Amino acid sequence: MSRCSFKAWDLLMLLFVTLLLFCFAFISMEHILGQKCIPGERLTSVESCRSGTGTYQRQGYIFASLTGVVCKEEKETDLPILYVASRHKAQSVPEVGNIVTCKITQISSRFAKCQITAVNNCSLAHAFRGMIRKEDVRSTERDKVEIFKSFHPGDIVLAKVLSLGDAQWYLLTTAENELGVVVAQSENGTPLTALSHNEMQCPVTHVKESRKVARPQKEHIGFPER
Amino acid sequence: MATDSRRLAVPQSSLDPKSLCPAKVERLLNDEEQRLDGRYSSESRGIYLQCGTVSQAKGSCYCELGNTKVVCSVYGPKDVEHYEDFQMEGKIKCEFKYAPFSCSKHRGHIPDLSEAEISDVILQALTASVRLQCYPKSLIEVFIIVLENDGSAVSASITAASLALADAGIEQYDIVTSASVRVYGNGNFLEDPTSVEEYRPQDFDSESGGDLNHGLVTVALLPTLNQVCAVLSNGHLECDVLVETIQMCTSLAQNLYTAARKCLLSSVKSVDQNNA
Amino acid sequence: MSSSTIVIKAPSKRRNNPIYAHASEVFLVTPGDVITEDADYMRGHGTYTNAGDEDNKLYASVAGVVERINKLVCVKALKTRYNGEVGDVVVGRIKEVQQKRWKVETNSRLDSTLQISSVNLPGGELRRRSAADELTMREYLKEGDLISAEVQQVHNDGMLSLHTRSLRYGKLGQGCCVVVSPSLIKRRKNHIHNLPCGATTILANNGYIWISITSGDACNEGDGGFNVNKEPVPLEEREVVCRLKNCIQCLAKSSVMLYDTSVLYAYESSLQYQVKEIMSEKVSLEIVNQTISLLEREKTGDG
Amino acid sequence: MAGLELISDQGYRIDGRKPTELRQIRCRLGVFTQADGSSYVEQGNTKVLASIYGPHEPSSNMRSKISHDKCIINCEYSQASFSSAERKHRPRGDRKSLDMAAHIKQTFESCIHTTLYPRSQIDIFLQILQSDGSNYCACVNAATLAIVDAGIAMKDYVCACSASLAKGTTLVDINHVEESAGCAELSAAVMPKLNKIVYSELNGRLHEDEIGKVLDSVVLGCNDMFAVMERTVREHVEETVSNFTHS
Amino acid sequence: MSLFGNNLSDAEKCFIIHGIQDDFRTDGRSCDNYRTIELAVNVLTNTHGSSKVRLGNTELLVGVKVELGKPEKATPDEGRIEFHVDCSPNATPAAQRKAANKDFVNNIESMLVRTYANKIAIDLTSLCIIKGKMCWIVHVDVLILECGGNILDCTSLGVKSALQDTGIPRVVVKSGDEGEEEVELPDDPFDVQHISVNNVPILVTVSFVGTRHIIDATVEEESCCSASVVMGVTRRGRILGVRKQCGGSLNPETLVEMLEFGKKSGRQLHVALDKMLKSYEKGTTGYL
């Protein structure tokens, strides 16, 4: 008698635990949104959503890896993405495909070296070394590019990260219209204004200098309201 | 050790008056189980943690464990030196230093052997917790200064370092909390020892049974993942006594988790104010 | 020998190998010795002539055996770095990933290069090298990876450029690598052997010997051999690989020429011992002597 | 004269040797597995370990010195802290060892066929285990054996010996006591078969007509040294070649 | 702690890790096997004690020299033991880079200091000559000649055999003219006293690779080890110092297992070493 009841009792216990687990996984999804979390805290199970920035997956659960507020980004096609919004900007290291702002430090016949100072328009605490190769300056007639006709030391350039490059620098490209020189200074220091996609002019001396100019994007142009 | 010419060194032949009459400490634990500072053997000192104390650092943390005061500052992912070779995973550089005025004996300005060893142990503990693959080709620098050393400076520094990394927005699998225990004869375990209670071989004479089962054990732990990421012990311990002490340290470190969590969450709360 | 006994012994008196009777008629030279004085010879490796004296004496520049192949006189040193020739089979380790090429460590004077154009990328050979390939080079081969390749060209300063444009070459999978002196590897027609005992060995000319299990699946034509299976190797095959590795290390220590027959003989004579005993002093000597006697019999047998 | 008690009146030196007698030399090749070439030389109580790496791709810090037509030799000499009588911790970069390394580098630059290895680098590492005088000479002999073991092309052996003058008689292969006795000491490196002096160094003052005598005894010492080294190399080569040609 | 950057490919690491799972390593050893150890004592004549150890292809020399010196203020009746480790460039060219070499050397030196900084390892009071004025300072210098993995175990074997071989001249204290004690060295160089080494610790490194822990890891195995524990074990199985290395983390049960395993192997090492040192006949020097 005791043997079989022992088995029934055991079955009952098992059922109860799975139920608890299931509902815990289900409820937990809603109650943690907007909650504050610290690295290592378990947020939800993997079935309910995917892990975004500031979280990581381990043994079927999503854990927080940053200190901040848990938020969810709805995705119609797939599971929502869970991420942690921390007081720091999301980006601290340039990744492939980011749009970076960099300052040209040195140019040679084959490449231009630059300091990456901001990634996806949030500034970096410490600058990273980048390099724009001759064949990555322009997408049209790539081989007839002259570096000194495209960049000058001191120019501020918008570029896209092509690859992690090697130990010394990241590999950047300005081969799209929106990428290229954004702010340049003439010899006497006055900022140049953009004339065309490859020319800039000094408002004071009207001297034309050739640069690989970035096409100003609509949202950046402030049309003077009447 | 190379003396640093820029600073006014203590005159070589000078003598710390305290060392002339070393206070011979007979018993750290009197009969009704109380220690010199009145605590019971299984009672830790109060811990005070405060993030964001160093303004120019990316992240920082100030930790007070009784009179032990530690400041840790983290400088965010920066470009690795040019001569290093390519690494997909980030690199951490950690420097642990006692301030020259922090201990009873004047310490030099250049890190000596024991400080280099502790820096290495803290580095290993932090490497276990930081998600280095999110920071390819970059270097994270952690600087720890002990302002006043009144015992378990190492465990306070490890906890402070991990909180500073979290404060700096560096991705971590889990924060690291650490605790140390002094084994004082068989059966007595003094939690969170002060500097007087730390193990010093010269307090024992070899005739009276030597220093069997005397030693200091420090353990660093990933609390939620329940993984040990640093162990450091000295003194003369039997194997099972050592195992028991390590288990005690892990449970102590586990209790620190709530205090660490409160400190980190307080820095997040300030985020809502300036967002709103 | 019970499993965990620890062997601590005094350093063995360096035994020198048994010197065979007829070692004397072999012409040994040391640096600075005069080899010949008559004029009609062609200067090969390991020799030099002094521009100064006019009676064009030929001196030896390394210590080793003089080899005369009709007109060519050269001295073969025992331990040298690998100087490559076109068509040599080579095993190398990727040292650095650069813009359009990989730097490969091949135990030679200079690091060899593997151009991205001389590699089979996934999707067959004819694919043109696009800029995208250059960016994802690290997915194909990264630092530390072992590759088998062939020497395509030797530059004037001795730098080798390699290629892996055939199914036999590519990234190497699970197995272990032993480094010996290149002069121990006998130059044969074929350097990749599928040994009967179930292991594949590549006795590369540059002294890197790769031993792995005979992977039945030759399925990786499509992807240029870049993804490698990582499931655990069963224990018996692992034993074969490790036994071969220890045997090769024994032969190399007593500088016996390495080629498929000598390795096989050593493997057979090592079967009676446990794998971990092979490296001990007396057992390795025993194996080497047995191998030499077997080779001797084979040479006199059909010699 | 300082050299008085160096030689007893029966003409024997402090350690019982005759003035023209070298200390006992024992050497062996192929001591390490990881190095390309290695050797161990004992000259009396001076014990030296030499290991050669190369010719290989120049390391990153040497990249500035690459020459396109010949190889660069990088030499490093270090003395163990327990090597001399009183324990002295010598950090690697101190002036004396840099000095010695420069001398050895100079010696071997003229003897190795550097043009055969363009744009590459050869590392010579020397470690003094025990120093009892004539460290330079023992290092040169050990480095020569290690280079032969590494199979690097060289014009000829380089054997080095030292000699000093005491009471008119020249003492060959001087030990630490004779070295610190203060009289002049001439050490030279010689290519025995080509009979060329590659490097020579004189500390202290020697009268003009005695230099010839001391130099002859040094060259004589080098030839004896060469005989021992030659025998060792031949034995080593015979030993390895017997299996080599046989298999 | 694979300092000299011999980075293996992932496939080779896989092969090694799976091998360790099957308790069959690439050189045939099982997880608790040591490689053969070659040990020679009294190899350097101008030291008071010396030893040469070769474990697999890790090779190092330990020289011990004793000096007269003043005892520390805090411990007037005790002598001192000082460790110094040097990595000879022969080991590998990478040893030339100052920073990497310094960390590697500090690692060993600090572990030796940690395990000898107690009452039991060396009886320091026997080194005292005149209380507060004069004592013996024992300088232990380790010179690493070749790196083949498992440096710490090899170093501690060398240090224990060198200390046992050390002969400290038997010093006679005579009262000098104005009551000053004077120290007189014995004229016969062989009239020496030996340090007792039966409580000297041996360092044991237990590395955790994949899912098992192994002993005596080669350089390749060290590069795929996630965490390792170094501990100083005395002959009677007491633990004199523990430190976890390499940046991985361990769950507490495996840490306890590794400590037990290390203690067992440490005691076996002691037994084997003492047997060998007793039966060691002088004369066979290291290299010839």
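Labels for the chains are A, B, C, D and E, by order of writing; each one numbers its residues from 1.
The criterion applied here is as follows: a residue touches a chain if its C-beta (ideal position, glycine included) is under 8 Å from a C-beta of that chain, and two chains touch if they have at least 3 such contacts.
Protein names from UniProt, one per chain: A = Exosome complex component CSL4-like; B = Exosome complex component MTR3-like; C = Exosome complex component RRP4; D = Putative exosome complex component RRP41; E = Ribosomal RNA-processing protein 42.
All of these numbers come straight from a predicted model, not from anything done at the bench.
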Under the touch definition above, the chains in contact with both chain C and chain E are B, D
Chain with Cα centroid nearest the overall Cα mean is chain E
Note, CA centroid farthest from chain D's centroid sits on chain A
Greatest centre-to-centre gap (Cα means) from chain C is with chain B
Per the C-alpha centroid definition, the whole-Å distance linking chain A and chain B comes out as 35
Chain-centre distance (mean CA atoms) for chain A and chain C, in whole Å, is 47
Whole-angstrom distance, CA centroid of chain B to CA centroid of chain E, is 27
Dist(centroid_CA(chain A), centroid_CA(chain D)) in Å evaluates to 61
Multi-chain touching residues of chain A, meaning two or more other chains, are 164, 166
Residue numbers in chain B touching two or more further chains are 85-86, 129, 222, 225
Expected list for chain D, residues touching two or more other chains, is 28, 61
The chain E residues in contact with chain C across the complex are 7-12, 14-15, 18-19, 21-22, 24-30, 32-34, 36-40, 52, 54, 157, 265, 268-269, 272-273, 275-276, 280-281, 284, 286, 288
As the complex stands, chain A meets chain B at residues 36, 38-42, 54, 56, 58, 63, 65-69, 86-88, 92-93, 125-129, 164, 166-168, 170
Chain C contacts chain E in the complex at 3-14, 93, 143-146, 171-177, 228, 230, 232-233, 235, 238-239, 242-243, 245-246, 274-280
Within their complex, chain C touches chain B through residues 96-97, 142-143
Within the complex, chain B is touched by chain E residues 73-75, 78, 103, 106-107, 109-111, 113-115, 117-120, 123, 125, 227, 229, 237-252, 255-256, 259-260, 263
